[in-house]
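The chains carry the letters A, B, C and D, assigned in the order they are written, with residues numbered from 1 in each.
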Amino acid sequence: MSGNTLGKLFSVTNFGESHGPAIGCVVDGCPAGMALSAQDIQVELDRRRPGTSRHVTQRQEPDTVEILSGVYEGKTTGTAIGLLIRNQDQRSKDYSAIADTFRPGHADRTYWEKYGIRDPRGGGRSSARLTAPTVAAGAIAKKWLSEKFGTVIRGYMSQLGPIQIPFKSWDEIATNPFYAPDASVVPELEAFMDQLRKDGDSIGARIEVVAQGLPAGWGEPLYDRLDADIAFAMMGLNAVKGVSIGAGFECIAQRGSEHGDELTPDGYLSNHAGGVLGGISTGQDITVSLAIKPTSSIRIERKSINRAGEPVMVQTLGRHDPCVGIRATPIAEALLALILIDHALRQQAYR
Amino acid sequence: MSGNTLGKLFSVTNFGESHGPAIGCVVDGCPAGMALSAQDIQVELDRRRPGTSRHVTQRQEPDTVEILSGVYEGKTTGTAIGLLIRNQDQRSKDYSAIADTFRPGHADRTYWEKYGIRDPRGGGRSSARLTAPTVAAGAIAKKWLSEKFGTVIRGYMSQLGPIQIPFKSWDEIATNPFYAPDASVVPELEAFMDQLRKDGDSIGARIEVVAQGLPAGWGEPLYDRLDADIAFAMMGLNAVKGVSIGAGFECIAQRGSEHGDELTPDGYLSNHAGGVLGGISTGQDITVSLAIKPTSSIRIERKSINRAGEPVMVQTLGRHDPCVGIRATPIAEALLALILIDHALRQQAYR
Amino acid sequence: MSGNTLGKLFSVTNFGESHGPAIGCVVDGCPAGMALSAQDIQVELDRRRPGTSRHVTQRQEPDTVEILSGVYEGKTTGTAIGLLIRNQDQRSKDYSAIADTFRPGHADRTYWEKYGIRDPRGGGRSSARLTAPTVAAGAIAKKWLSEKFGTVIRGYMSQLGPIQIPFKSWDEIATNPFYAPDASVVPELEAFMDQLRKDGDSIGARIEVVAQGLPAGWGEPLYDRLDADIAFAMMGLNAVKGVSIGAGFECIAQRGSEHGDELTPDGYLSNHAGGVLGGISTGQDITVSLAIKPTSSIRIERKSINRAGEPVMVQTLGRHDPCVGIRATPIAEALLALILIDHALRQQAYR
Amino acid sequence: MSGNTLGKLFSVTNFGESHGPAIGCVVDGCPAGMALSAQDIQVELDRRRPGTSRHVTQRQEPDTVEILSGVYEGKTTGTAIGLLIRNQDQRSKDYSAIADTFRPGHADRTYWEKYGIRDPRGGGRSSARLTAPTVAAGAIAKKWLSEKFGTVIRGYMSQLGPIQIPFKSWDEIATNPFYAPDASVVPELEAFMDQLRKDGDSIGARIEVVAQGLPAGWGEPLYDRLDADIAFAMMGLNAVKGVSIGAGFECIAQRGSEHGDELTPDGYLSNHAGGVLGGISTGQDITVSLAIKPTSSIRIERKSINRAGEPVMVQTLGRHDPCVGIRATPIAEALLALILIDHALRQQAYR
């Protein structure tokens, strides 16, 4: 209830801090009998891992996952799966200065106001590092959805700051560190990022996530709609300020005669709905957009206050992603997978 | 689990269909000792009620609420509050034609695929009529938040189709049927709607909701963030396709030096965060935007299929809102109130 | 969260007070497509109904149930089922004397201490009258279990105060108002009860409930075991002070060589486990025992205090069951059905 | 939902198998600011630890706990607390024989029927070893209850097979390995156990747990009563077949004039209620009794079947507790603490 669990029938309970001894999660509700190895999970963790290009944080974390339970002789047993990732590259520096100051745009002050205490080391619990266990759990969800329904969940960056990135091909995404679906834009993205680092500033991004190959019928009206749960999961991702499905905010200016997807014996003629009607999957692609804010950790000095309420100037040095959106794609995929498996199991319960 | 409950410590369990005998809900977790009368709830129901202008559905429903339990001598007792609204204006016409056809943009087909059965009368369970119990529960939440914290929750329409509606004043909202905060735009809105009805078409809208006067510290990182729960509730509202907080999708093109809200001893200097950092309230205004799709029920003929999978043309007659966004404001306010009281109680549990 | 919901995948949210306008519940998670009429539910309500013999309370309540939603053309639609029972025989007498006094053995004082307010009319929310909605929901669960798995859930009284009631036959239970499985004991029970009423006192009882014909594999180790959930539901029934499964408290003096049920190709050779091993159903009969305390409402004067903390003598007049155990059998059956359907659906989710 | 989480506002999510690499849990909802060290938890784990006398299993496990998160500079931060216990004394022997056979009284067959797969090593997930994380979490709950309310939670063995153990003093419990409150009975218990081991048999036991020093008002009527949640937690403990509160099964033969606890300005005159009325704490001692079945692992040969359904004789060798009740006391204390803290937080939420 204190908020560290995602999902009802397939649930992930997350623990850890950025600079504590370890992070991890317990995955509860994975159906029995699925082949599962640490490597199956590691593949996804490696996609999210820091330090893999000059455009992301240089913190070196292998993010090696250990399966502690729930798997016997290479198969899931239906019981809770404990996953552990040891932190390796904690810095032993003194955090007392940071501990006393609230960084603008960060959760420093809200944690302080909520709990009266906070772990300031690298953002503590509010660090995006805690998305690693989510990605690990999502890897299990992805595998099950793929094997059981042939569902494919993929994402990409469609905008980096002012630069629109057209969708060219799923194949181009893995060829560049931005998850850009059009490799020809990459030089422009790199130049933008290089200048941004020189400026000591950060930038926002837009991420698209798509699930293909799932049946109609997933989702629970009324309140626990499939799109509501997707919005919940995505808005719960660090730095996300907006979530949309299908036509999203463009639907505001649409007429019903344009927006409503017509049906023929061969299927829907469009997908403004983004694969969800009345909170239930239509069987079309689920299409989700995320707006990700610029990283709050920047070298440019900013006004803030300390715990005593006195004015201070804050400059955030250290290792940071200048665009958290760059590493957000595998995380958003994981979140979508986690919501989909949860609703898949819910649908199985009642059918 | 079948999805009809919203909230954890303050929860609403909703039941009913558009043309069944009654709709209603059970509100569980309302703190004891608050003065509460049916009239306190009726005021909010009347704001959402159909038939109050020519721009909304002409169905005549008084939406009179009866409190069945949980209140003794005018005060809440801390036990479950049963709320009942009898449907009055059901039409006794034959629904067999509609029952056999899937209307584009509606949940007809997804309900069918999910359950293998559906109540076709007026959309059955998927009707926006089921937002009435949500509004009733939200009235209780609003009252408690107002009395306990002085929280004020208000909303308005900021865009109707192509027409932007500037924010002029909270006072102007109640003066027109659109919840427009600038009454000078109303003639333009009316003309647009009148033409739309003639066309037999419908239109989308954008709604803003704002909560003012709540303390810092509400929200549970990690997953059950305050903004995640708001996104969940809002995306769960019929016809919503996008939700954003604070700067929303504009954050994509923002730099960190612009987006991050600076702090001074006198407070924050801006509110791009929309009142939530790290999933926890900052004490600033909570600002939420909703994208609402055009009504799927239009008179214009559209392609679809029937249950046998054969092609049919569908024209939706009857009584419908040509812009569901017009009545969405009080519903969105109710949803925000329900999420806020839930997190207020959660925070009380742990402090 | 405030406690008025039972079950996870098949859940019942209960509302109402003994002397309020109505009691009822919302049943969420009933699978779609099952035939269901008000009469299906009424049958079970009539078994629990007051006023049916001189040995139970003389309050006259028809307990007529109205289905408000979730059923269309005689079949469940998979959406929330609203059930309403209007209270008919509230007494309009002045409760101010009772309102000021805490009756020994009742929840008067604990409600007061918890909420700072309470509805004193007939026990308000703490009245056993609130088991009626549970029985109504249980009727739906029973029907589904019976149709889907052939499960039969039945109970009986095995002890009334000092009188042991041997199990003779399921057929004898319906022939007497005590749910006694041996009608030859009934005269002794009647004589005992008649004397008890003259004494103005009350008495405890023991109830057995048995579920037959369910598959192995229901239950979720570790913590949400099938037996744990059964214990939860039964101990949550008014007046229950003890719950046991299978051999129950007799297992204390048993040796492993006696207790452990041996297996053969033809099945288990005994059922000390009561149909549950490791929290999971074995496929044998589920056997549950309940200890029910004597009614707290008695005519004999007892010491207590009032709200001012002053000593008072309390004599509880009015209409009361001298042995709440007599009407407990259909309620315990309903509770067992509700737990079983919940776990049946959970098992369907994961298999 | 798959059952591995206990508690709502203070929750424990448990993972691990008897012979896997590690066991542990995530504690979610511990209020911030409480001093907490590994040693605070270790003390309770050591009370449950195997191998501490000749009357319990000789498996050597130090059960050393590592705090992975949720504590900063010696204080809880309000975020999830990850606890890890590495298994040390797994045996590398071949389990293939056991894997193929269902041991009578064990969960071998039910796991098999539920999941279609099971980890047979030492009982896998169904092993009582998984109570260690519960005890670790309970240590945190105990500490908070003690510091905040002065609540003391203690238990003892009141019966070992046929031997009744009178309550003499809380001080005598720590002086013997049986948690017997009367040390003079210990020689008799030791002689009984020594003979039992020679016989290759096992025995049941009865445990009492008592919570003293908690306020009135904890518990949520109706369904989530305090006693219902206690029954749930206790019946969920391995080998428990019966749970009672206060007078328990003795209430069956009691009259209301005897059972109902009278009140005076100085307090209650008796405690047949066991500290709970109407599901809410009275402020008196919470008194709970558990019936624990004899260990299913015995050397005496018993009839069973293998996975092929063929008859086999089973003799369970290896390291086992001949009376699981002996080590059950600290576990039952932990469970009671976990339920009480959960309801303490729930009450804080609403007051």
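Keep this in mind: a contact is a pair of C-beta atoms (placed from the backbone, for glycine too) under 8 Å apart; a residue touches a chain by one contact, two chains touch by 3 or more.
Being a predicted model, the structure only gives us computed values, none of them experimental.
S.K.: State which chains count as neighbours of chain B and simultaneously of chain D.
M.R.: Common neighbours, chain B/chain D: A, C.
S.K.: If you average the CA coordinates per chain, which chain's centre is most distant from that of chain C?
M.R.: A
S.K.: With contacts counted as defined, which of the two, A-D or A-B, has more C-beta pairs across the interface?
M.R.: A-B
S.K.: From the mean C-alpha coordinate of chain A to that of chain D, what's the distance rounded to whole Å?
M.R.: It comes to 38 Å between the two C-alpha centres.
S.K.: Could you put a whole-Å number on the gap between the CA centroids of chain A and chain C?
M.R.: 46
S.K.: Roughly how far is chain A from chain B, centre to centre by C-alpha average, rounded to an integer in Å?
M.R.: The mean C-alpha positions of chain A and chain B differ by 27 Å.
S.K.: Two-or-more-chain contact residues of chain D, please, as numbers and ranges.
M.R.: Residues 1-5, 8-9, 14, 29, 32, 78-80, 114, 125, 221-222, 346, 349-350 of chain D each touch two or more of the other chains.
S.K.: Select the category (line, ring, star, complete, other) that matches the graph of chains linked by touching.
M.R.: complete
S.K.: Using the touch definition from the top, list the residues of chain D that touch chain C in their complex.
M.R.: The touching residues are 1-6, 8, 14, 102, 104-107, 109-111, 113-114, 125-126, 130, 159, 161-162, 196, 201-206, 215-225, 227-236, 238, 241-265, 269, 272-274, 276-283, 289, 291-298, 300, 302-305, 309-311, 346-347, 349-350.
S.K.: Touching chain B in the complex: which residues of chain C?
M.R.: The touching residues are 1-5, 8-11, 13-17, 20-26, 28-30, 32-33, 66, 68-70, 72, 75-82, 84, 114-119, 124-125.
S.K.: Can you check the complex and tell me which residues of chain D touch chain B?
M.R.: Touching chain B: residues 1, 9, 29, 31-32, 78-80, 221-222, 345-346, 348-351 of chain D.
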